[in-house]
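One structure coming up, written as structure tokens, with questions to follow.
The first chain written gets the first letter, and so on, giving A, B and C; residue counts start at 1 in each chain.
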């Protein structure tokens, strides 16, 4: 059953900034929907509009079948968990959790019972008498969840609830929140900028860019079938390797001409069918995920020649950083990271003769720095083709699908 | 600098900012001691006189402590040379107490609205408020006096208290606004979702967090009302509403030969409670905050 | 939205007391005193419009000119104490070390003494006939001084005594000093800067907003000085401590020349507004705001 529906929803701020651009989105009952995207993509605005903290500029919002555009936040039967938790510092854990009930003039005995039960579920019973300042980060996070649960809302709204925790605790809370959500069968809308969080927790993910929805789907759909370059680059860690070039079609064989006239023959077993007529000469960005690349045997001249720079050994897997003789494809994500360091880093990236690929090998298999090797897509990998003109043009395929009509 | 020869034990060292040379240190201590002595001198002398024997306050050369020490002055001074001080004290407590209370409530409400609500006219109102910071009290005192005498409030407490109930001071409003701006908006939003309107958000969620600022501001107000002379002088010319400063001065001027010890003891007794509260509450002051907000804009 | 449209009304409800107060106790009176300043009004008989008479009278009124001079002189003295010297004292107190806590308390303590009481006390200490200071002067073989009885000494003395009321400026400076990040000093010390340079390049710029604040408050306070003259000198000797506000008080509540007194207070307001306005204007040249946002 559809539970939360946004239809053609806009958020335009007074200064004219369009934060959310004609959004259509539905959230099913009992579903954990993650809104993900880089900062400024509008995900928080969406959540705040659902909460009623921001006005909806245009469009309609339904919760549980009822149009709630004009309903005040406390009447929407939602609960929100804030990034900084917003636990009232002068109240104890119990008072924090029971505050909404107190405002509704619920009798003290009933209040205490509900708070007690919720605290039990979250194993907070020992902490009920403490004040937020006396709690650890993880405990505060749980209290914030508890305060939301006490209201027994129809929808939980979570705004980057784990981003203030350290890495280890975040991983742990991720599963905790997910398990809780499944146990209670509650509907959750969860905002994060962390795609790993999105991938591990979500039933479905909505990827946003500059206020525009790019793709909605299950984590697997997003991983395997990214709608465009933006989604492909955003989902997956380390990010997808990208190589820009021109397609050359020789009969059934397809080559990518890249860098200074280098060619790479796309393995035919990875293509879904005979090449399309318009593939010849087309400018594309080829995308391969790090885990879908492997090194050709020593001495082999097949594949893409690379120079190994260094290996990161993580134990269960090894990330090998290599340089590919082709200009870097500067995606929005990469641009943001580079600019965060320094503008000169960005200009270096844009003018570099070589681009950096990452290859993920399973197990402890470092490759010596400085070695000249070749990389090839592994057998079970997938190749993606994107339009270099815009990151939001739908992904493209140089082949006819086997069941395609001519 | 080189360490003295033979020094092998590790010496605890501070960071760079804390390190300064020995000679500077002595100079620094000497200046502090000198200024402290200069500062404390009138306070000490006041207490000295307060415990002196009537008529023997000014024995030359004065000793370090009064001889004899008259502890009974503590009990005698409030009885007054001409009129007992109790009545004045009651007026002062009313004036300072109700004035402070009303001012804090009004300032918090105005500060909350200016910090947290969006409404047409907000910027104009805020600019006016800041402008009123420099309004000298005397500039408005004549029309205020005429107004109060017309509606019969002169010679009642209300002439002193009422203005503070209507918004308090621009300084207080400004301060409360700056404070509320430092509290993350998420608290308001959480309270809104929990079902609190602005009124309950302010009183149940924000005001409890403002306690240190309220204490500091309240004490500034209280000390101002408590020591104020010009206000009562203009608005209260009868016994029913005269305040402690007026009472103490009246007693002082009542006799041809001023009773210094009694005057000083009255003053000491008047200052003592305020001073004690100030010293005790000093730790709870958010001084850093009290003025830091002023740099921000 | 319905629950939002109400919010303007709610905001004005929260502000209602202040808006009333602003109108009745600030803007109304200042307007009224502007009107009164063009009249002759003694409370008993109705006000009579007299045009610019009061202002003309002011120019020729020797007492007003004297009050203006006295007040400006006092202001200069007071600002020296309240803005400059208190910064020095605050810097002393900002050094880490034993006894600074007590020092801070001692510096602030005199500010708690009500001005009228301080005035009586100083009056005694500097009494020309049997005061403590003259006694000490005599003991060490120096000539006795007139102090408050001397036309030459009275005003400078009153000005000097304001040193004991720097407490609030001191606290403001102290909190300002404490909010200057230590790393700035560490960086400049590593660069080999002397203490004087540290003061000029770090302390002063970082503290400039606080200095501005103290300067403005100091001006507003000093133009309103009243208690000490009322209690101690009664404007004398020879009107040498006739402060502006004392003059207003006398004209209004002793002579009941409400019209003239209104003109005096209106001009006082203009002067304070003009001076503070001027300071704000120049502040952009010398006040340094860290991370100026919002």
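Convention: a residue touches a chain if its C-beta (ideal position, glycine included) is under 8 Å from a C-beta of that chain, and two chains touch if they have at least 3 such contacts.
All values derive from a computational prediction rather than experimental measurement.
J.: When you average C-alpha coordinates per chain, which one falls nearest the overall C-alpha average? Tell me, please.
T.: Centroid comparison flags B as closest.
J.: Compute the centre of every chain as the mean of its C-alpha atoms, then state which one is farthest from the centre of chain C.
T.: Most remote chain from chain C, centroid-wise, comes out as A.
J.: Using Cα averages as centroids, what's the distance between chain A and chain B in whole Å?
T.: A distance of 55 Å separates the two centres.
J.: Taking each chain's centre as the mean position of its Cα atoms, how many Å separate chain B from chain C?
T.: From the centre of chain B to the centre of chain C is 16 Å.
J.: Please work out the Cα centroid separation of chain A and chain C, and write it as a whole number of Å.
T.: Chain centroid spacing, chain A to chain C, equals 60 Å.
J.: Would you give the residues of chain A that are in contact with at least 2 other chains, written as numbers and ranges?
T.: Those would be 72.
J.: Counting only residues that touch at least two other chains, what does the list for chain B look like?
T.: Answer for chain B, listing residues that touch two or more other chains: there are none.
J.: Can you list the residues on chain B that touch chain C in the complex?
T.: Residues 14-18, 20, 25, 28-29, 31-32, 35-36, 38-40, 42-43, 45-46, 49, 58, 60-62, 106-107, 109-110, 112-114, 117-120, 122, 125, 128-129, 132-147, 149, 163, 165-168, 173, 197-198, 202, 223, 226-227, 229-230, 233-234, 245, 248-249, 252, 260, 263-264, 267, 270-271, 274-275, 278-279, 282, 287-288, 290-292, 294-297.
J.: Using the touch definition up top, name the residues of chain C that touch chain B in the complex.
T.: For chain C paired with chain B, touching residues are 7-8, 10-12, 14-15, 17-22, 24-30, 32-33, 36, 43, 89, 92-93, 95-97, 99-100, 102-103, 105-110, 112-118, 120-122, 124-125, 130, 132, 135, 139, 163-164, 171-172, 174-176, 178-179, 182, 185-186, 189-190, 209-210, 213, 216, 219-220, 223-224, 226-227, 230-231, 245, 248-249, 252-253, 258, 261-262, 265-266, 268-269, 272-273, 276, 289-290, 294.
J.: Show which residues of chain A lie in contact with chain B when the two form their complex.
T.: Interface residues on the chain A side: 51-53, 72-74, 78-80, 82-84, 86, 88-91, 99-100, 103-104, 147, 151.
J.: Mind pulling up the chain B residues that touch chain A in the complex?
T.: Listed in rising order, the residues are 184, 186-187, 189-196, 200, 204-205, 208-209, 211.
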